[in-house]
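So that you can tell them apart, the chains are marked A, B, C, D and E in the order they are listed, and the count of residues begins at 1 in each.
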Amino acid sequence: GSPQDTASGGGDAAPVKVGLVYSQSGPLASYGKQYIEGFKAGLDFATKGTGKVGDRKIELTEVDDAGDPAKAVSAAKDLIGKGTKIIAGSTSSGVALQVAPIAAQNKVLFISGPAATDAVTGANKYTFRSGRQSYQDVVTAKSFIGDAAGKKVVVFAQDGAFGDANEAAVKAVIGGAGATVSSVRAPASATECTPFASQIKAAKPDLLFVAWAGTTAPAMWQTLDQQGVLSSTTVVTGLDIRASWPTFGAAGSKISFLSHYFDGASDTEAAKAAKAKIPGGTLDLFHPDGFAAAQMVVRAVQEGGDDVDKMIKALEGWQFDGVKGKMTIRAEDHALLQPMYQAKLSGSGTAFTAAAQKTLTGDESAPPVAQMKG
Amino acid sequence: MTEPILSVENLSVRIAGLHILQGVSFEVAPTGVTVLLGRNGVGKTTTLRAIVGLTPRNGEVRGTVRMGARSLLARPTHRLVRDGLGYVPEDRCVFAGLTVTENLRLAERRGTTPAYDKVYALFPELDRRGRQRAGSLSGGQQQMLAIGRVLLNDNRLLLIDEPTKGLAPKVVTEVAEVLERVGESVPVLLVEQNLAVVRRLAEDAVVLSAGRVAWTGDAHDLLLETALTKSLLGVGAEVKVSARSEPGPRAPQSRTKGGAA
Amino acid sequence: MSTVILLTLTGLGLAALYFLVASGLSLVFGLADVLNFAHGLFLGVGAYATWWAAGNLPGAGPDGLGFLVAVAFGVLAGAVVAVLVELVLIRPLYSRTIEQVLVTVGLSLAGVALLQATWGADARPFPRPGWTRDVTSVLGAQVPNAGLLLIVAAAVVLGALLAFLRFTRYGLIIRAGVENREMVTALGIDVRKAFTLVFAIGGAAAALAGALGSVYFGTVSPGQGGSLLIFAFIVVVIGGMGSVVGSAYAAVAVGLLQQFVNYYGTSGLGDLCVVGLLAVVLLLRPQGLAGKVAHA
Amino acid sequence: MTEVKSPEVAAPPAAVPDELTPGHAHWHGLRPYAPLVALVVAAIVPYSTVNLPGIFEGPLNSPGTLQLLAICLVFGGLAAGYDLLFGRTGMLSFGHALYFAAGVYGTDVLVTRAGLPLWQAALLTVTGGTILAALLGAVALRTVGIAFAMVTLAFAQVGAILVARDFGGLTGGEEGLPLDVSGLPAALVGVTNTVNLYWLALAYLALVVLVVHRVSGSPTGRVLAGLRDDERRIGVLGLDPYRFKLVAFTLAGGLATAGGVVYCLIVGGASPHVTSSELTLSLLVMVVLGGPGTRWGPVLGGILYMYLDHRLTAFGSSDAVNNLPAVLSHPLSQPLFVLGTVFILAVYFFPGGLASLRARLHPLLAAVRRR
Amino acid sequence: MLATRGLTWRIGEVAIVDSVYLDLAPGEFLGVIGPNGAGKTSLFNLITGLRRPTEGRILLDGADVTELPPHRRARLGLGRTFQASSVFGSLTVRENVRLAVQAHRGGSMKLWRRAAADREVAAAADAALDRVGLAHRGTALAGTLAHGEKRKLEIALLLAGEPRVMLLDEPMAGVSAEDVPELVSVIRSLTGDSGRSVLMVEHHMDVILELADRIAVMHHGALLACDTPDTVMANATVQEAYLGESL
């Protein structure tokens, strides 16, 4: 054998290899779990239970990246080397950003998963996304204050790219609509948030947008509550997975949530099918992402066979009915336009229930078109 | 002869593949001082450490060591010591980070009243420097502390490795006197290079050579017989005087330069 | 004015948390000379055991006396785990410092993964008395009760540790044992028992920190210990390895510095300042603020 | 001024540098050629289609396997470089990740953000990393023992914070920065060219081993070995300990930076994982796992560690594990659990590291041979 | 050759070394005696630069070296042994001495040359080992040597550096009776016509008396006397404070 050999895709009846690189272990393991459950349900739904496209079986290879981009890149190279033409997954943004160029270099299809970073949109023509992006979150947040002109908005976020992206998006979306946006940033490791709560309180905003991740979130919410921030202004943040809801404690019912998805947010065919298929029967934040990814994979194989360029053609501009409702893959930058939700939590202690206040359509929450980079 | 307090039979020690002691047997009389003699590296320290159970982990000990009726080798060091086996190591091993007082307090043993007055009477320096860190003591002062630690308690047997090393002549004399007195009530197994001290203290002697016992018997016989001393210890009569004996003002004969070489 | 009071008191609360974590670390490091990277695991064990007890142990619960029982159970669990770790893993490696560090590193990886395998990666709400969620008004500042609880607990732990070191011989034995273990046994002391005891105390202190820290955070998660550990290490080193009082001073310095710089400066500057403080202290006084003396 | 004594770190369980002791007689003249043979074998691995089921996912020449091997080789080199500090000089640095990260991010930022050609970026990065090591080392070496470990940790922590803060959008914060490959030589881009990255990694490893070997066998290496035992004594012999330590620190830092450059190319980007203090800790684990102060120990340790780190994720999700009862399968499916357990066992069962295995197996082998 | 001018080292109020004036002529052998804790080792530490004096100067060949770090003084030809043996425990005995030889032959950074190939260094090292009678222990790790053997290695390390001024701190402590005469002759051969000077602390009076041209007596950090052996031995204070009653 020569070192430059790679296995080539098989003939027509040969199975279609699909690689799923996502977090089975590590800090994002629960996101990964929802993603793969959703994916399997979606595959079932899109192939009508056969697991086949035409007479070709979809053969899944799952690889754990443990949240480490280096491992994800290794896995992607391994899969591509074995002739895989479609890779999906990426639970974390770091992984998505590093796998996307690999896909482009090797001309394979990459469908990013729960990774929320805006940078995946328009990363290159081989990269798609099956989940929402930060920008769509922010647009949903904006819907809480109606007319933004003259309003005062504060972004409260942790240092780092996630915080930067959210701050930039809020400035663009809400600031662009006439509000004055300022920000309070905390170190990612901060465990004591009183100083920041004091700063926010002193700023007297009309809307507080909170972008916070990690295990310090409950303490942060408690501090905002204790210092009277929650009762003095409208506070918006993203609704995380169900398991995290009880950690909001008393603060839970005082926050206005923007939601990517929660169980009961939609009642589509796909949602019903997904509910029936996944273990436990309760949908959660990232089930729709996996579900949509499977739908996109099936579409790509159906229309493109083994030809990646054809797959891309088939996906660009494609509209389909996903778990959340009507989804559109925007041809220009591969953004996935999708419904977004305003939600409220009620109840208390460990038994919160979420209810949708309002649904934004895919067009209403659409991000601006990004320049396709490669 | 009365029952020995300590009997060592066929003691054999290997460390890191080296056969350091090759079947050493001797006995320690229930009273008085028994000295263990021999050149550098013959295994004196190794013998003492094997008896108290401090052979390094990569070492292997064979043979029997009995104190009275009790076998020692299987018992952990701290038990042996609690039962009255006192050990003064060759390189002093004072706890450098602890003060002198703390070093002594650590040596107190449950059940006995520590004899501080005895120790302080012998080494007033230790009393004076109670709050000094032992690591900053002078070499000789550390040696005093190491000896003082073991004199604090009542012991049934003392193992002492080169106690007079690094001590000023005056202190050597004092330590020798103390050991002599101690030896009257507690048997001592002593490793010593200073033949003047040996001469004064020792009743029995054991001479090691290359990991084996070369001679045992009455110490005075050993020291009297020049031929024996020379062959066993490599010390001739004249050399003994010029190189080893504690000179006093009354030792002018050794002051001529180049006398012995 | 009320801002300054608020920042000071919450900063002290943070300092108390750091001290609780650091005290056990400092004790084990200063006395037993083991740089214990598994300290975070002891923290986690304490937190999860308290959490478990509050839900399952008869007599324990999230409130009042039941909460005390739960915390006591957590502390006990931490101590037991620490003792096991010492007996099984550390003891056979004595005097091989680097290998001991490695074992604790391995343990921190494996232990946290085990917690995660058992209870999942996600944070769980922590049972706690209602009053810990409230605030107390001090001169116009709304000070969280959980922070005050931490301050009280830290003061108690500080007192207890000082008493232990001052009024028992163990401090002495262990300090000597670190220098030369053989020689301590040659003085007739079972040094191993003393080391186990120190681990037990370190584990108990860590577990208490884990339990009270979780009250403060409101949740318990497997990785929680690890993130606190870095600052605890910094506190231990600034304070002088092994000095409990030094750790207390250092914790206060670090907590207040972080709190005030984060408020008045830009964010992230607080952490940089703390690291800078560490570097400066070490360069000027390599032995730390208090030096290596375990009794004061 | 009184001398400040700081708590000492115990010197690593060191071995006498191979280079300073004469070779074993029964190896005759062959011994010097063994590394060369190993190098040649490693270089022709990509021509083999051998399948090692369970050990690698695909045949030896498949991109996935080569990628994994390349990463392992880089870490083998990194560990060998770190050993120059830790095993051979007795300096416990907790901040070695900083110089590696400087290599990774330096290359990435210069290529991706500044658009420099690769060779310029690599040259600048290695120079910069070496200078950084020299500067920080000059400060940190004013302390010794644990204080030194902590000062280096503090410096590395500053690096980590700076990367996470994402100043000016340079580093991409926690999301990392994918490498812009448009300006890169075509031979380094794309899955089919993974083999070139493998060779690059192999070359790096060979370079580090050669440098470390030559340096420890040199007069300076002898001084470093002496420093490990007794620094005061070195001073009294007329040598400046500070100077020698700084040279070792700078050299190790430079080698780590070069490793970072190679790693950046292999992985195709930078992520904040490489700045974490855990990375330094894992270097320490690698070295001790392999055997500090030995020629091949750290290399083997690094390779093995990275191999396990990558492969255990596959092990955790394999059927063999999933079919076990939950008590076992849950922990075993956590790669970190297995990795941590492996260390602990390794520390117990291979004291002295992998490198001591030969000596420990020697009696056994001799017995077999006599048959 | 070596001179101290009012050398003083205080810790707090206590003067450990108290205003010591010493002059060591080329080729001279000066013995230093004094009770335990008199400050002899501390004096050595000051002279070699391991401690900084609180007051006073140290002159080597007339040049002031008070501010120089230890290694600079060593390069000027100042060598010493330690009271508590301080050898490189994880290196072999031979490597220990080679390191010392190499340090003496110019310690400039040589990163790429093969150390083992330097025959001159090896030969010089073996010669030094031979002189102290340790040649047969060349391959043992220095850390595993018996106590007396370490003392000899200390001296070999000193010899290897060929210093012009040598400070010996109790070289005979722990050396077995048989080997003393041999070491005495090694030490004697160090001085004499070679022009090297020796400063030696020793509690074995006969060794001192045999070797020393002059004897300095230290007590409570101060220099009590510095004179010919006969005068010193006749001094009543010395008798009383240091020698005591003979055994």
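Operating definition for what follows: a residue touches a chain if its C-beta (ideal position, glycine included) is under 8 Å from a C-beta of that chain, and two chains touch if they have at least 3 such contacts.
Everything quoted here is computed from the prediction, not taken from an experiment.
Contact with both subunit B and subunit C is made by no chain of the assembly. Set side by side, B-E and A-C show the greater C-beta contact count at B-E. Inter-chain spacing, taken between the CA centroids of subunit C and subunit D, is 32 Å. The distance from the centre of subunit A to the centre of subunit B, each centre being the mean of the chain's C-alpha atoms, comes to 77 Å. For the pair subunit D and subunit E, the distance between C-alpha centroids works out to 43 Å.
Multi-chain contact residues of subunit C (touching two or more other chains) are listed as 113, 116, 230, 268, 271, 292.
Inter-chain contacts, as defined above, occur between A-C, A-D, B-C, B-E, C-D, D-E. For subunit E in complex with subunit B, the residues that touch the partner chain are 33-42, 83-84, 144-149, 151-152, 170, 173-181, 184-185, 188, 203-207, 209-211, 229-230, 233-234, 239, 241-247. Those residues of subunit B that touch subunit C in the complex are listed here as 52, 54, 76-78, 81-82, 87, 89, 93, 95-98, 102-103, 105-107, 109, 149, 153. Those residues of subunit C that touch subunit D in the complex are listed here as 35, 37, 89, 92-93, 95-99, 101-103, 105-114, 116-118, 230, 233-234, 237, 241, 268, 271-272, 275-276, 278-279, 282-283, 285-288, 292.
Those residues of subunit C whose C-beta lies close enough to touch subunit B in the complex are 169, 172-173, 175-176, 179-180, 182-191, 292. Every residue of subunit A that touches subunit D in the complex is listed here, in rising order: 1-7, 24-25, 62-66, 68-71, 73-75, 77-82, 93-94, 97-98, 100-102, 105-106, 117, 119, 159-162, 164, 187-188, 374.
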